[in-house]
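So that you can tell them apart, the chains are marked A, B, C and D in the order they are listed, and the count of residues begins at 1 in each.
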Amino acid sequence: MLVVMRHGAAPSEIERVVRTIEEMGYEARPMPGAQRTAVGLVGNDGRVDASRIEALPGVAQVIHVTQPYKQVSREWRPEDTIVTLAPGVRVGGPEVVIIAGPCSVESEEQIVTAAHQVRAAGAVALRGGAFKPRTSPYSFQGLGERGLELLAVARAETGLPIVTEAMDEAGAHLVAEVADCIQIGARNMQNYSLLRTVGRLGKPVLLKRGMAATVSDLLLAAEYILAEGNSQVILCERGVRSFDPAVRNMFDLTAIPIVHKLSHLPIIADPSHGTGLRDQVTPMARAAVAAGADGILVEVHPTPDRALSDGAQSLYPGQFAELVGELRPIVSAIGRTLTPVPARPAGTEPVAVGYG
Amino acid sequence: MLVVMRHGAAPSEIERVVRTIEEMGYEARPMPGAQRTAVGLVGNDGRVDASRIEALPGVAQVIHVTQPYKQVSREWRPEDTIVTLAPGVRVGGPEVVIIAGPCSVESEEQIVTAAHQVRAAGAVALRGGAFKPRTSPYSFQGLGERGLELLAVARAETGLPIVTEAMDEAGAHLVAEVADCIQIGARNMQNYSLLRTVGRLGKPVLLKRGMAATVSDLLLAAEYILAEGNSQVILCERGVRSFDPAVRNMFDLTAIPIVHKLSHLPIIADPSHGTGLRDQVTPMARAAVAAGADGILVEVHPTPDRALSDGAQSLYPGQFAELVGELRPIVSAIGRTLTPVPARPAGTEPVAVGYG
Amino acid sequence: MLVVMRHGAAPSEIERVVRTIEEMGYEARPMPGAQRTAVGLVGNDGRVDASRIEALPGVAQVIHVTQPYKQVSREWRPEDTIVTLAPGVRVGGPEVVIIAGPCSVESEEQIVTAAHQVRAAGAVALRGGAFKPRTSPYSFQGLGERGLELLAVARAETGLPIVTEAMDEAGAHLVAEVADCIQIGARNMQNYSLLRTVGRLGKPVLLKRGMAATVSDLLLAAEYILAEGNSQVILCERGVRSFDPAVRNMFDLTAIPIVHKLSHLPIIADPSHGTGLRDQVTPMARAAVAAGADGILVEVHPTPDRALSDGAQSLYPGQFAELVGELRPIVSAIGRTLTPVPARPAGTEPVAVGYG
Amino acid sequence: MLVVMRHGAAPSEIERVVRTIEEMGYEARPMPGAQRTAVGLVGNDGRVDASRIEALPGVAQVIHVTQPYKQVSREWRPEDTIVTLAPGVRVGGPEVVIIAGPCSVESEEQIVTAAHQVRAAGAVALRGGAFKPRTSPYSFQGLGERGLELLAVARAETGLPIVTEAMDEAGAHLVAEVADCIQIGARNMQNYSLLRTVGRLGKPVLLKRGMAATVSDLLLAAEYILAEGNSQVILCERGVRSFDPAVRNMFDLTAIPIVHKLSHLPIIADPSHGTGLRDQVTPMARAAVAAGADGILVEVHPTPDRALSDGAQSLYPGQFAELVGELRPIVSAIGRTLTPVPARPAGTEPVAVGYG
């Protein structure tokens, strides 16, 4: 940490900064310059609270040299973390995963049909919400535990591992019993009690970036999970708040190469929430993969016009199949491959898509 | 709700929109115009999910005419809601409340000294965190239950009602036993499980605006609490994310007159988090009151240079007393008064500020 | 335009809105609803100034149904506009153009070397600034007219058409004499005098999106150029202001499919300014093309470590060649091709890259 | 400037940074730390272009210690700059100025009536646009030179100095002949040719903050004017782009104390553009003054319902008079006074407001 003093700061002001740093248990190293003096804080272990120094008299600025996160950083662990969702479904290696399914679980027919459809087109995991965080208390809130049971049915029939969201501690325990990966939604990215809980549950976690989270905030949120001993974390870019009403969110794909540089954790992208409108999902899914995403999370619904939530951003099954076809050559252009679809469970039959 | 069709939309496309609206159980009213046709949805009860219509072929735009919130709106309840924190301490009426205290409870001496100091200067409620949501898992996380006990001691000695934050359901129950008002922090503004919990606890709630929350999002979050039967909600502007590194947050004071127009709930402002630096707290506290805030929430610490958190934005007790002096004529310029300091509990003595 | 009245608006308030609309020369059509009345304005020709209605008593909201722009919209002209920079170099058709070169023209050797290098790798036009808009008055401001002469030399030697920026009216005339395409920078996107000037010069214009411009603002800025009779406009996404210090700008690639939907004008992307750091330029250039950009504008410098401006975001010539190699299969995955490099001028010899 | 190397950067990488700094003509001072090495650049005169260092191998981050601006900074000139608009009308001292008038000059009757009305209520300068920068080319663009003539008439009748906008170099010369202060609008804040022009004209300049400008950007734009020898610059906060559709702009009042700390230049606030809606103008004008603004710039129109532009945010003359009444005690609460209205020109008579 570097404390920059104002031009013309009094020696007594510099002395006070030095003393405060020493009181905090660190070494202070004053560096007089042509224009102004700076005081370095040596020995920063990531626990320094700069706040008390920031407003001392004569201080112009406090500059953080050390990153505030640790275990998530590439400096801590240079090799890529690979998260395993199911046998053969690994996130973070050379393969690119496609996770797809409806916004919400609505019925057995809906979720099982969707699972067959997305599997047939190339998805390797099924998404679908049982607990839904909705901006309005009057919107459809998901089927809850019944939704989890239906996801289990869909997995039994298709072999696809399940990714689904938990909104609180009680829910996280329920989700952990059924899901292969627990999703933490954007609104809960800084719900630290929930992050600690999923850190202790030991299951893979899909952590979505908050609406106003910087990349550093996202990594710090992941740090909460790793600090509990769980390093099976997949990050997810899903768009941030923007001033432009032309988009529901601003899809920040540059976060992908930045996360890859700063952290060993995999990062996927969600073009459905990242854009909010079907027309834009396909081009932005291609863009995410071209930017180096380790996978995509896409909303697909058997009949989007009848979806109970997020209909506007859900692809029709045919559109999704076309998208997967476009992704193949892009993935290969950057030296990667799509993860192969996992095997159907023993005893199940190939099902003609359409359900019943 | 108004569905605007593209210029030249086919009759079959218009027909499909009409049919979808009718399938959802509402009345559709097509309105052909010079340039394009619009289809009105009549009978919207706030539960319409526009999403399935938004991406139908030929649709240019879906326009929401009805606000998505209900019970929090002025149309639902024209008179101001007044929230009572303690006898004589009412938020939302003609009086302006000053709530002050340290960021975190650090020790008995610290919190009791702070309580006496802020009371002597004119504060009518004491703030102080026992459970602290921190961006980094390695920062000081608060004293927890012990912090709540110390807040109770401070109240017993000064008579000031207590405002303190809850971060999860278990914590909310603990906080409710001690506090006079449960604070929901900016990071948890859309933690719907927590909002529902405090909605059911029946205590006054101080709901802080999220970092990227629109005014509408803030009102919808409050709606979750009112929907559980608790209308004792105080909103709080505390700054939103900004592109300018010159400020920690962008303090959006215009939200104050806007909330007053749209809602009957009181709104206060937190210039400490809203700015992040002591120098700016005093002018922005004055500005908040001049803009019509029903109160301010200010961080004051007996010795900011030694604060375990937020030292840079905590006022020195003397600065706080000066600020209160400046607020008096401003409050009176707009026809309001400062809430008088509540009486000390029976049996306590006036204490010389300084603690021991 | 739709004027939504407040719930319980008085008949006299509705009447006043109707009268105001009629005074403005349009037809007013009141539409009573279950919850509130709306008043439609019929006959909007894009010149309605809603402002005077917005604050009338009883008005809750004014909703714009008609887009504020005209000639740039797809409704005005359904077929794609194709802008020709040079024989064989067309922007907006099935081919994808690569425009590359240094941030600033620094010397004859530098610009001619750069031109040969980018041409050899696959660029079909040369960029390079003679007039540089710099945030600080003390930064290098470009070589001015001498820079234009050097660009002309580079074109004569390589056959590459020239794209370079004009900052004011006098400069626009100078640039028009030399350049094949006049660039308007992000900071001047709403410099209407300059937009009108380049609208009258009749040369192709590359219009960069402003730092805080919505897509609608960008289209309206282009409308200024088209309104002067010049429809040879290429739009350019180059990143917008963001709250995240991890990026210099937030590169909003979703603007590409949105512009393609709303407008007939081509849109290219500038991953150099869009990201600000070399490491991110390559993945984001790939992403832009995968998202459907009609071309990319990339900074390439013979020796980035010695660049007088933007060194950090300039690719090394070898990195650029690699990038073009990666773009080929991506372009082909979405059914397009890279524009072939234009022929060298008659009489010139193939030059071994390295200049002299 | 401080170049922070990555943890584990190779000695050769550090050496290359040192060499690059030395090649640029500065002194390099390597500082090995516990976690990583930093290299200080000594002798920075504000002209260092960090860009070429930022992307060198092994560099984690480049940190700017020196502010990029000079003459506008308080370190350069500790005493407040006072800008004189007319005898007795000084901006930046203990007095607070009120500048008011319509958005656009529409007719002689309108502007002269407005001038009398705002003068009667307490304004000390008249605003009014002759050249109007409009987002759409089809909106009313102002009366141009005729508008300037009418402003001169209004001054002759009321004695109020004139503040009006210039949009380009030719216009700046015309404006300078008539106006007492040349306004540079938000969209032109980084139109460097225009800034240089008004820097050379020697008249006071009112420089509005751009829609996405940081405080540092605003100060750098002012630096362009001071660098031409003109230090008579008044800054103006007028709201920045925001994600919240509830406001037209986000009015960033915290910029006021920040500018006062960093710069000696005065700063006023424009609550009309800063909010966009009449209801919010009054509370936010009060807030601006309470935050320490050196003045306010307010839109007032004799008949806002008939205004050709910005009707929604223009105050009625009666509302404006009320606002001035509220400002008096606020100004006095912070130890300032309102500037007294300047004398009427010799030979004019007090006019009954209403014109004719």
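Note that a contact is a pair of C-beta atoms (placed from the backbone, for glycine too) under 8 Å apart; a residue touches a chain by one contact, two chains touch by 3 or more.
Computed from a prediction, not measured in an experiment: that's the story for all the values here.
More contacting C-beta pairs link the chains of A-B than the other of the two pairs B-C and A-B.
At the interface between chain C and chain D, over half of the residue numbers appear on both sides, which makes the contact a same-residue one. Each chain gets a centre from the mean of its Cα atoms; the one farthest from the centre of chain D is A. Distance between chain B and chain D, defined via averaged C-alpha coordinates, is recorded as 31 Å. Each chain gets one centre point, the mean of its Cα atoms, and the points for chain A and chain B are 27 Å apart. Centre-to-centre, using mean CA coordinates, chain B is 40 Å away from chain C. The set of chain D residues that touch two or more partner chains comprises 212, 240-243, 245, 279. Those residues of chain D whose C-beta lies close enough to touch chain B in the complex are 212, 214-216, 240, 242-247, 250-258, 261, 274-275, 279-280, 283-284, 286-292, 326, 328-330, 332-334. Partner chain B is touched in their complex by these residues of chain A: 20, 23, 46-47, 49-56, 68-70, 133-140, 167-171, 187-188, 190-194, 210-212, 217, 220, 223-224, 227, 240-241, 277-279, 304-313.
Those residues of chain C lying in contact with chain B across their complex are 2, 4, 6-8, 31, 33-36, 38, 40, 42-44, 61, 63, 65-66, 75, 241-243, 245.
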